[in-house]
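Listed after this line are the structures, all set down as structure tokens.
Across the two complexes that follow, subunit A remains constant while its partner is subunit B and subsequently subunit C.
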Partner chain A sequence: MELGIFNNTYSYLSEAFEKEHLKERSFESQSLLAKRAEAFQLFNLKGFPSVKNEDWRFTNLNKVFKEDYQFRKQEPAFSSSTGTIPGLKACKIVLVNGKVSPELSDPLPEGVSFLSTEAALAEEAYSGRIGAIAVQGENAILGFNTAFFKDFYVLHVRAKKLIETPIHISHHFTGNTEAALIAYRLLVLAEELSESTLIETFHSDLQAPVFLSYVSEFSLAESAVLHTHWVNSASEDLHLVHHREVEQFRNSIFNNSNLSLGNAAFIRNNLNCRLKGSGTETNLLGSYVVNGSQHVDNHTIVDHQKPNSNSMELYKGIMLDKSHAVFNGKIFVQIDAQKTNAFQKNNNILLSDQATINSKPQLEIFADDVKCSHGSTVGQFDEGAMFYLRTRGISEEAAKRMLIQAFVAEVHSKINISALRDYVSQLLQTKLERDNLIIA
Partner chain B sequence: MLQIKDLQARVEDKEILKGINLEIKPGEVHAIMGPNGSGKSTLASVLAGHPGFEVTGGQVLFEGQDLLDLKPEERAREGLFLAFQYPVEIPGVSNMTFLKTALEEIRAHNGLPAFSAKEFMKLLREKQDLVEFNTSLVNRSVNEGFSGGEKKRNEILQLAMLNPKLAILDETDSGLDIDALRIVAGGVNKLRSSENAFLVITHYQRLLDYIVPDVVHILSGGKIIKSGPKELALELEEKGYDWLREVETTE
Partner chain C sequence: MSKDDNLLESLADNEYEYGFTTDIEMDVAPKGLNEDTVRFISAKKNEPEWLLEWRLKAFRYFLQMKMPQWQNFEMPEFDFQDISYYAAPKKKTLKSLDEVDPELLDTFNKLGIPLDEQKLLSGVAVDAVFDSVSVATTFREKLAEQGVIFCSFGEAVKEHPDLVKKYLGTVVPPGDNIFAALNAAVFSDGSFAYIPKGVRCPMELSTYFRINAKNTGQFERTLLVADEGSYVSYLEGCTAPMRDENQLHAAVVELVAMDNAEIKYSTVQNWYPGDKDGKGGVYNFVTKRGICKGNGAKISWTQVETGSSITWKYPSVILKGDNSVGEFYSVALTRNKQIADTGTKMIHLGKNTKSRIISKGISAGNSQNSYRGQVSIHGNSSGSRNFTQCDSLLIGDRCGAHTFPYIENRNSSSVVEHEATTSKIAEDQIFYLNQRGIDTEKAVALIVNGYASEVLNKLPMEFASEARKLLAISLDGSVG
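Moving on to the complex of A and B:
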């Protein structure tokens, strides 16, 4: 019997579910309320996952629960910055503390629609998908979101539409004065033969910590192409547990990047791709540059279920100070998934004796005609390169900065939107400028 | 410009340099020849400030300043340059960024304003021509996937861009075919002036046909055992390194 975390936040939630939460949700359909009840039951039984749970072995949620969190009444808030990416032509949707801010958001092009909570829940076609892609199983933290999410957004790209302007969802957290729980979710439907780009950025400016539970479910129909980018530049008071579940049907292409370049104290990303059709392509990029006592955990699953699919995964990270990063990448090749090509690479550099990386690649292959490889490395800087740079007049600190940028450039250079690439390199530079990089 | 007095250095427990004396004046080209393992590359590394070597004795003055007190980057900013025997590949750092950063650091140290992008490009194109360096290589990562000859030409390109007072060429001729050797030597010759100096380290006399030295030193067993005019290199080439043993025993 695994032990969960049953703390004050848990007790608060256990009580609040019926007394407060369900009362606010009376407008919801019976089927959704039943789904919530079931999810709550799981969460109530298991609590938050502790390090005894294999999937959370290296990531201790108790770090987050130094404070007792509660759902707070979120006043309509304005964010000081709107998280604009300089030079990027995009349709922006701004969410402040999980609530959409229509006055800060742009109209969308024809062929895409974005629905907010009430409208989205009113349609069974959308609300019925909740928890149908990201199936909760025994996952209590997923259950927590399903039971308690306050907002639900849908991004729906219609069949055969080519949406050239990226959709930019900018997530802001601001203005709270007490430790707050925020929980919401997103459903993205990419219909057949559509192509679109979704950029998500995270920003925060907080007076008290926020524990954010964010679940996103993606469905890519036959021959749909979806490019998604996720850039986290939030400040240290944000604690994020994110679960993204993607289902891909025949010949669809999913490209995802997940970059943690901010100062958020705690980030857990679960990214699961279920390749349910043949001929799919999946490219997953990730980077994390962490310092101080930051904790960033990336768990990924690429599940090849049908033949002739390709997946490529590259995550690179740099750990400074007392930071801790986790990479856990699973690849499944199911018995039907012949002619699968699946590659995974995770490279890390530790720049301090007190920094930690737990890197665990896992490959489970049940088919016999496949090409798969995975590799994980942990290293330090190449002393030869350091010396070479220094003999050209470049200071030790500048040389270190150059080598950090160079190390993650393998990931960042693959971002094909130049304004976003510039934004990312600017974020990294800002992060590196603030840090003292000379470490014994 | 450079005065080396009784320089001794070791790596881990192994004594490699056992008392080197050498003086180089502006406008001069000195060559150091010697068999493998004589300490040639160690001397180059110690002068550039490689952290893997420990100086156990002696003194090095560069323009009157104690060189051994300076960090590698400070030595570079003061005008010392080492062309590496094995230039390092740095994936992800573009050659252009690298050159620009280095040049800016050195110019800032000398109280000079940073170049505009236009000025930098003009200088770069000029120096590229000097070593027939392909523009596509400038845009690539530093030395990544370069051929041996391209790497060596990149060293000379950096030398030309940074315009040091003293350049040490550590076996720049190794692994070069004759065409590449001519290009590299031609580049060096065009950079020679009465203000700067070169220390050319080589195993073979061939390079010295193209970069003609004022003085040739023979290094063996961690010491300079003989110095002389450029003809010494020819003599050494003719008689082979075995001849050195006789020189050593007679002196």
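Moving on to the complex of A and C:
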């Protein structure tokens, strides 16, 4: 019990589950309702995880719960369509506060279907997989989402389809009244021999805080290829706990990039990849540039369960002001997973004495014929590079900006969609221009 | 593959060399743990009132504490009531070595630790701890000429109470963790050394620990104080007989280094590791910590861990003084069902502090070997530097190697680097050696020794050769 946070939001949720929430969900199947009840029981018992929980040791959710959150009774109006990526040719799906907005969304190419809540839940093939990939176990925050999610989306890529146009899910958050809770989830099914690209971006124009619980479950069938990009450019008032669980079967390839470049006050990303087939490939990229009192926490797990899999992970981060960044990367190599190659790197630059970085790369290896390594560094810019730029008459501030761009370019340059790459670089520049980089 | 199997078999079959017992008249406290046990031990040792108070305070901490849950191995059930907390060879208060029980001298001779000063060639001063008490300390007079104090903890309490009182529990407070609290409550003896200002200790100081009695735990405490500008190198070795039940060893080591002092602390740990089915063996739960109190101080830990069924220890350094240096060099070899969870903590508080961590894990058989470490650079610790390298070598497909580094940095002018690798012995290396007529078993021993040499080279010379031998023997019955 002592591992939990039991605050007003918790009390509100405890009460609301049966009184309000279940009443709205009467259209759902019995099996899903049973799943929700089970998940609620876990959440009710454990509450939100506190820092006494090893996985939340450096990330204090109490920072988020300065306000008491409630689900909104009424959705605020939304009209403007921000968050377009200039020059990007993509099929756009717009979610506003977790609700799909059909009029803002594009039609999808053949071979891909996108279903939203009622249609998705009506099909047992989809609703039955809720919580089957992201198994809740003892994870109370996952339980919270399963119990309370309001919307459920499915992106289904059919077998042997090559989808050339990227699918762009644009998440918007708006509202200016009370502190709001939002909870929804996404299921992505990539059938065998398919190849597709999913871009997710986060935007907000909030005047009041939002606590968002977003769970996405990915299943990559045999020889499926999926590229995903996750770009967060939301404003301060967004507090996000994102859990992504990926299962990969034989010879599938999963490429993910996770970029936290906005000003959201609190971001927690869990990215767990379970490699359930042999011959899989997993590439995880990440960057975070944090300032002010931002808190960004990236937890990743790469779990090699079968032989002959390769995984590569590269996360780079820059901390300014009073920000706090956390990186925890776990690599598991299970007893059968011989011939595994697993690499992980986390580089950080700390630009302020008030900022904190907690990095915990972790290897747990139970097979002997493997090559695994990880590296983690925390440091500053190369003085030589700085000096070179200064001798060319570039101001300290401009030089720093350049070096920051160059530092994260190792990650950003690996994004293979040029319009997205430009967008990311623009985001970073805007962020850096806002800040005073010279630290007294 | 068959060669590999042979190797593994011989690995598993290799017997523990120091598994004999000594038949000697013992003074053993009844089993059980309560305030009376603490009072009993204190009374046995004629301790002053303040120390008894201190023990009782620690015991109260112990009662409030729970067993930790964060380890990644299955924690055995502990019955703290089923152990005897005091066992000492009878015949006490020795004037000189001649009065030491010949059976005891024999035991230490068998272990290769001659206590007879005449025969000592190596020039190492030894404090020999047998079960709960120190039986002999050699070269005391010679050390005293330089002002170096080296004696058993019990004697130190009587002869140098001010020093003990000043430093006891300042680095590892009694409430630090459950085993430290237990140790503080029931510690029976240990070693104490004080190196005065500006003295370079003329010889290596060494403690040799031996568990002999049945159903006992060993709880010793070492306190080492190096005053300004002094230098000391300290060695520690340990063995225990083969027994079917597990024995608990919960020691505390505290090091204090003042301005510009240097302490080099080396351990070769070879407690009984249990048999190949994991039966018996010593639980080695030790709290070791040093503090670089003064500017420019240096503490260096070197450890070779081959024994114990479970090892759980993190020799740490608190870098408080500016420009102080902390080092940790470790080789941990596990086989059969051994578990080693070891690493270090480097806490950077002072400016321009530097730390270096080199950890080499070797796991064979069904064993689990973990590195768990923390590097923490605080806000005021500007210009600080850490480098960590932890490598794991796997021999056989049923063992595990794990790495849990915690890296925390709060200072923008400090640099932390960490790297870790895990792999098996490369086949091309074995092939190369085979080609030169070296058989696979010897090749493995050679490669492991080469792999660990970065750490072994940090050991004092006498210990280094012993450690190399120990590694070879632990690895392979037919080699070495």
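Annotations
We take it that the second predicted complex is superposed on the first by the 431 of 440 C-alpha atoms of A that agree within 3 Å, B and C clash if a C-alpha of one lies under 4 Å from a C-alpha of the other, contacts with A are read in each partner's own complex, and residues count from 1 in each chain.
Here is the rule we go by: a residue touches a chain if its C-beta (ideal position, glycine included) is under 8 Å from a C-beta of that chain, and two chains touch if they have at least 3 such contacts.
None of these values were measured; they are calculated from a predicted model.
The superposed arrangement places subunit B and subunit C next to each other on subunit A without a clash. Looking at the shared chain after the overlay, A:F407 reaches subunit B, while subunit C stays out of its contact range.
By the touch criterion defined above, A:Q338 lies against subunit C but remains apart from subunit B after alignment on the C-alpha atoms of chain A.
Of the two partners subunit B and subunit C, more residues of subunit A are touched by C. After overlaying the two complexes on the shared chain, residue contacts for A:S352 are found with subunit C alone; subunit B is out of touch.
By the document's definition of touching, of the two partners only subunit C reaches A:F366; subunit B does not. Legend: residue contacts after superposition of the two complexes on their common chain; A:S376 is shown touching subunit C, with no touch to subunit B. Residue contacts after overlaying the shared chain place A:F27 against neither subunit B nor subunit C. Of the two partner chains, subunit B is the only one touched by A:G384; subunit C is not.
The gap separating subunit B from subunit C in the superposed three-chain model is 15 Å, by closest C-alpha atoms.
Taken in their complex, subunit A has these residues touching subunit B: 382-385, 387-396, 398-399, 402-403, 405-410, 413. Put simply, subunit C touches subunit A in their complex at residues 70, 72, 377, 379, 382, 392, 394-424. Here subunit A touches subunit C in the complex through residues 54, 335, 338, 348, 350-380, 439, going by the rule given at the top. The touching residues of subunit B, when paired with subunit A in their complex, are 48-51, 71-73, 75-77, 81-82, 84, 87-93, 97-98, 101-102, 105-106, 109, 141, 158, 162.
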